[in-house]
Structures are given as C-alpha cells and as structure tokens.
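Before any comments, here is the structure.
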Amino acid sequence: MSMALKATTLKPATLKPIVEALLLAADRPLALEEMKSVFDPAQRPGNGELREALASLAADCEQRGVELKEVASGFRLQIRAEHAGRVNRLWQEKPPRYSRALLETLALIAYRQPATRGDIEQVRGVAVSSAIIRTLVDREWIRVSGHRETPGRPELFVTTRQFLDHFNLGSLADLPPLGEIAETPEAIEAPETPKAVLNISDQFLVPFFEDVQIDDLSWKDHQF
Amino acid sequence: MSMALKATTLKPATLKPIVEALLLAADRPLALEEMKSVFDPAQRPGNGELREALASLAADCEQRGVELKEVASGFRLQIRAEHAGRVNRLWQEKPPRYSRALLETLALIAYRQPATRGDIEQVRGVAVSSAIIRTLVDREWIRVSGHRETPGRPELFVTTRQFLDHFNLGSLADLPPLGEIAETPEAIEAPETPKAVLNISDQFLVPFFEDVQIDDLSWKDHQF
Amino acid sequence: MSGADLQATNPQETSPARPAGSGNASLAATAQVAGAVVELPSDLYIPPNALAVCLDTFEGPLDLLLYLVRRRNIDILEIDVAEITDQYVAYIELMQASQFELAAEYMVMAATLAEIKSRILLPRPEPEEAGEEADPRSELVRQLLEYERYKLAAEQLDELPRIDRELRQALAGLPDRRYERPQPAVQLSDLLEALAAALRQAELFEHHHVRGESISTEDKISHLLANLDRERFLPLVAMFDAREGRLGVVVTFLAVMELMRKALVEIVQPDGFGPIHLRLAGPGESA
C-alpha cells in the first residue's frame, strides 16, 4: 500500500513543467502551499522537492525572456527588466510615475513602520496630503494596522505584502539600506555664485535660474 | 548605410528571449506585425527572422509546461492541456477578489457613462490605475466608446452588454437610482451617520444626472 | 505643461531679447533703490507659472533648505544660517509677491531660521557651567539630515524595478475555454456599496478642503507701517494680534524682520533684557 503511494509521487522532471504551468497561469505570486494544494494528496510533493523543481526552473530561465523571482507572497515568473522598453510598447499607457511626495511618504512608512501621519510630517516638514495616503491605500501598498495610544489615537500605517511584491522585494530586509547619516555633499553642478549683490533678485534669482534650466528640470531628480 | 542597418539587426539568439517576453507579457495572441512594432526600425526583424525565432521557441517548449500555438489572431504561449486540471484547482482554494478601487471605478463608469479616467479621478480623488482599467476591459465589462473632444482627447468608457448580463440587468435603467444606494442600509458600511448619507445623494444626484439625459438614453440602444 | 511652455518662461531664454522697460530694466531699477523698496516689483521678470514649477518642485521647507544648502556645496553641519535665512526668505517673498499661497510650514520655517539667526547674533550670557551650550543650529541640522535620509530612500525606492514599469507578471494563455481563468464573483450589492463609499469619500474630500489662511507678509508689512510713526516707539509685543493665531505671530515676526532688513524700522531695546520697541527709521538713516 505504502509502496503504491510512493510509486505515484512525481519525479522532479515531471514536477518542473507543472510548476511552470502553475506560475504562468496565476496572475499573482504563488506560495509553496498554494502550489502544493493542486496535487492529489498521494502525489503531493514536499517543500524540498518543490524547491528543487523551482531551482531547476530558475536555471532554465537563464537563457529565456523571463526569470523566476521569490517575492513576499511567493514565487513569480516575470518578464526580465531588460525587455521592459520593448514590452511596454505593447500598451498605450505609460507606466505610472509617482510624485516625490508620494514616494517620500511611502519610504517613511516602509522604513519606520508602524508610522502615523504625524511621524511622516515631522520628518518631511509638511502636511501629508490625504490624497497621497488614499492613493497608497488604494494601491494596497499600505494599510492601517492599528492606532497609537496617544491623544487623538492616530492611525498607524504599515506596508503590505503587495507593496513588497510590486517592488520586487522578498521582505522589508531587502529594502535598500537607509543612509546612516548624510554623506559629505556630492558635487552639485552649482555655478560660481556671484559675489556682491544688491538685492534679492540679483542675489537669489539669477543664480537660482542659472543652474536650473526650467525646461529640463534636472534638479527634480537631483541626487543630493 | 544599408550595411550599418544590417549590422544592428538582432541575432536569432537575441530575438528568441524577446519574443518570449512579448508573448508572456501580452497575455493575448500577438500577430507578427504587433511583435515587429515594438522594435526600433533599424533593428526590426523581418517576418522570416521572427518565424525562425518562434520555431526555435516552440522547439524549446517541448519539455516545458507551455506550448506555442498559432491561432487566428497570432501566436500565443499557452498552458499545455495536460496541466489544465491542476491549474484550475489554484482558484478553488483561493478565489481571487477585486479590490475596492476596481469596484468603485466600475460603479462610477456604470452611473456616469460615458466617463473618462479624469471623471473617475475627480470623484475618487485618486488616480485610476491602468491595471484596473485593463482588468475591466479584459473582463469585457467596460469598453472605449470614443473620445471626449477636450485637450488630450481622453477615452470615454461605457459599460457593455456583458456587464448588464453579469449583474442580471435588462438595461442601465435597471440600475438602482443613486438616491436608493445611499438609503439602502446594507449598502452602507457605516450607518451611524445617516444624515451625511442623505447629503451625499442630494449633492451628487444632480450633477450625476445632469449630463445623462434620461430621455435620450443613448446608452440603451447602444450597439454593445 | 509642455517643454515649449516652460522654455518660454525661462528667463535665460527670454530676458536678453527683451526690450528696455521690460523685466530687466525694472530689475536694474530695483537694484538702484534697494533698501528703499517695500514690495518686490510686481512685474518681476519671472512669470508666475515658472514660479509654480519651482514651488511644485520643492516638497516643503526642508526640501527647499536642503536645496539651498546643497547647491552651495556646503556641508549641512556647517550651515551659515544668516546666509541661508536670507536666501530662504528671499525665495518665499518672491513666491508671495507672485500671489502664491504658501503653505504655513514655509512661514514657520522662516521664523525658525530667523530665531536661530538671532540667537547666533545676539551676545550670549557667559556660560556658567561646564556644560556646553547647545548650538542653536543643531535641531535644524538634525532635521535636515533626517529629511535627506528619507529623500534619498525615496529615490532608491523609485529606482527599484517594479511591476508595470520594468517588470511584468508573465502569463500564458489557458488551454481551452473550460479552463478559463475563473473571475471573481461580484454581486450588484458589492458594486453599489463601492459606489456609496466612493461618494461618501468624495463628500469628505469636498468638505475637508483646507483653505489657505489669508495673512500675507505683505499685508502685514503695510499694516505695521501704518501703525508706526517716526516720533513714537511702539513695543514689539503690541505688533502681535493673538486672534490671528500661530500663523499670525509668525507672519508678523517675518514682517518685522523684513522691515528691519530693509532698514525701514529701527529697533530699540533700552535695557539689557527689557522690552523691544520699534519705530520708523529716520529719512537720513535708511541708506
């Protein structure tokens, strides 16, 4: 009896195409448990066998247009970044760009979680717009995890698994390290500042607009 | 000149992973012309080269969970039939769900049609994600009916016959009036503020139905 | 905003070609009478929409300050508060002169800078104890460094490859119609509930729209000038109106600072730590 059961378990070579089919059928990352759930109990592979098949699949992908990635919610076959330029031309819309305000708010929540709006405002020095919080909740990148027990019981925000999935991360530990303390300033292509100046316009505006080409707005993405 | 052009065209080995990336990104059959359109003119492969890459890809798939099929509208990579049974079980365990953002977007299109993304954004206060629009179009619940003649010529979305069928509606006129939505207790999550709810209908009914002429009901004789 | 639009508003592009009497000329005129002007010229040569671009570019006072510090290639730890304060105040004045409603945070920062500046300039009482007195800049420096950390973190976050930009979920078709990928079940009630929620949200959005407060430094300056006269000293505390709240105090303070900078008022403090008084500067002293 037990021999019969053994005989029906799947060989690694059989398992691999099944795993690939599952990953390419699901429109989300799949956890090991989800993959296992589709097998009959008698044939169900163990985590070890499954991981072996996944590793083999990942190796096969080296020469392919896709790669196997483990993100927070599980495993995903994804189009390699190097093809993004051409692949994105299949669609009319441009990939969304997010404002610095949104990204800074998201970064603060990601690195400091749980964080309240007040925490974010304290670091950024400006009020957090409700639209930004709503957009982040809407994208399911952040959620309310509770309330801080201080006056007003402000909401505590944390990031979600979808956030990690979207940004191609396995866990919060994979976030780029937060700078310890700001480094010595990098050279900023600031022009020689005019010396003696009489008034605001001279002193400020001219140099300001000298290195700021309004039409290129390169400082918008300045690496300070 | 023509030599320089030749030199930049892609080698078959380079072309194959790109073709695979396109097919797995598109999630629909791609015609040869569509595949070619994503290449810069200087690098654009000919039909022969493309077919060669496709043939090679098809051969690679022998051992894989997917196969390359040529259907009426082009080529597609699809899950091999032998895996269909297991793949289908993926959803028995964990049926997917639609986000609240998607449902709100659909509801706003249903009531406000024809509506642009801007119209939806105005009410929701949040940018409409392209993924949501794509999902709704893929599901054939909405479609583009034309463009609004304003700067940018934004797409106008309307709901489809399939939308009505799914929700068991004879026509859009069968959608509950907005006022009722606000008053139906089960439709309201937070019934503790019934006054606020009434205000909503007051405030929104008028602008909503201002631009929908009930008696012209152009949507009713729509060719879906 | 198209590139062409922006280009047209770039002073570098337009000013050399301008005829006399336009922006450049008025700039020169302003320079000559510097010290005697109360308001910035209303025909500043930078059109408001270009300024809007600048304002939108900064994510708040800290971001603006960081820019001012970094563009001079200064180490944050060695900020020249006096210089930075002048530039900062010049910037926000420019914004106000162009009828921009600045967020109150910008005003608060101006006041903070002014306060630090004054603490550095004022003679300090001899330190009695061995404990060193904190550098008045330290809190500001800490804030700037902290903000910069997250600003960089946000940039790094933006550079991560992400779905729908560099990456896409790979999807293959399903073999036959019977195995069509199942779709979520949605009831009409789900839809209606979502709509009701969206409308409620829209309502909140509508009602919570915060209006910018209407106290401008410019108005305050005119107001202060009207109340002062040459013969009479008025106590500084009398300039503040408690009913205007925190923002009012800040704006009043800014206005006083501005009048001092332009040498339009004199400050008198008869006793060591006694009340400070203001009066209009005499005609010969303003140069």
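Quick notes on this structure:
Chains here go by letter, A, B and C, matching the order in which they are written, and residues are numbered from 1 within each.
By definition in this document, a contact is a pair of C-beta atoms (placed from the backbone, for glycine too) under 8 Å apart; a residue touches a chain by one contact, two chains touch by 3 or more.
Bear in mind the structure is a predicted one, so any value in this text is a computation, not a measurement.
When each chain is reduced to the mean of its CA atoms, the one lying nearest the mean of all protein CA atoms is A. Farthest chain from chain C (centres taken as the mean of C-alpha atoms): B. Note on chain placement: the centre of chain A and the centre of chain B lie 23 Å apart, centres being C-alpha means.
Chain B and chain C have CA centres that are 42 Å apart. One inter-chain figure worth recording: chain A and chain C are separated by 31 Å, centre to centre, where each centre is the mean of the chain's CA atoms.
Touching of two or more other chains is recorded for residues 24-25, 66, 77, 79-80, 83, 87, 96, 100, 124-125, 130 of chain B. Shared interface positions of chain C, defined as residues touching 2 or more other chains, are 164, 168, 170-172, 174, 181, 201, 205. Here chain A touches chain C in the complex through residues 21, 23-25, 27-28, 66, 76-81, 84, 87-88, 95-96, 98, 100-101, 103-104, 106-108, 110-111, 123-127, 130, 134, 165-169, 175-176, 178-179, 181-182, 184-185, 187-188, 190, 193, 198-205, 208-215, 217, 219-224, going by the rule given at the top. Within the complex, the chain C residues that touch chain A are 3, 6-7, 9-12, 27, 30-31, 34, 40, 44, 46, 50, 53-54, 57, 59-63, 66-67, 69-76, 86-87, 90-91, 93-94, 103, 105, 109, 143, 145-158, 160-172, 174, 181, 201, 205, 208.
On the side of chain A, the complex with chain B involves touching residues 16-22, 24-28, 30, 34, 37-39, 63-66, 77, 79-80, 83, 86-87, 89-91, 93, 96, 130-131, 134-135, 138-140. Those residues of chain C lying in contact with chain B across their complex are 164, 168, 170-176, 178-179, 181-186, 188-203, 205-206.
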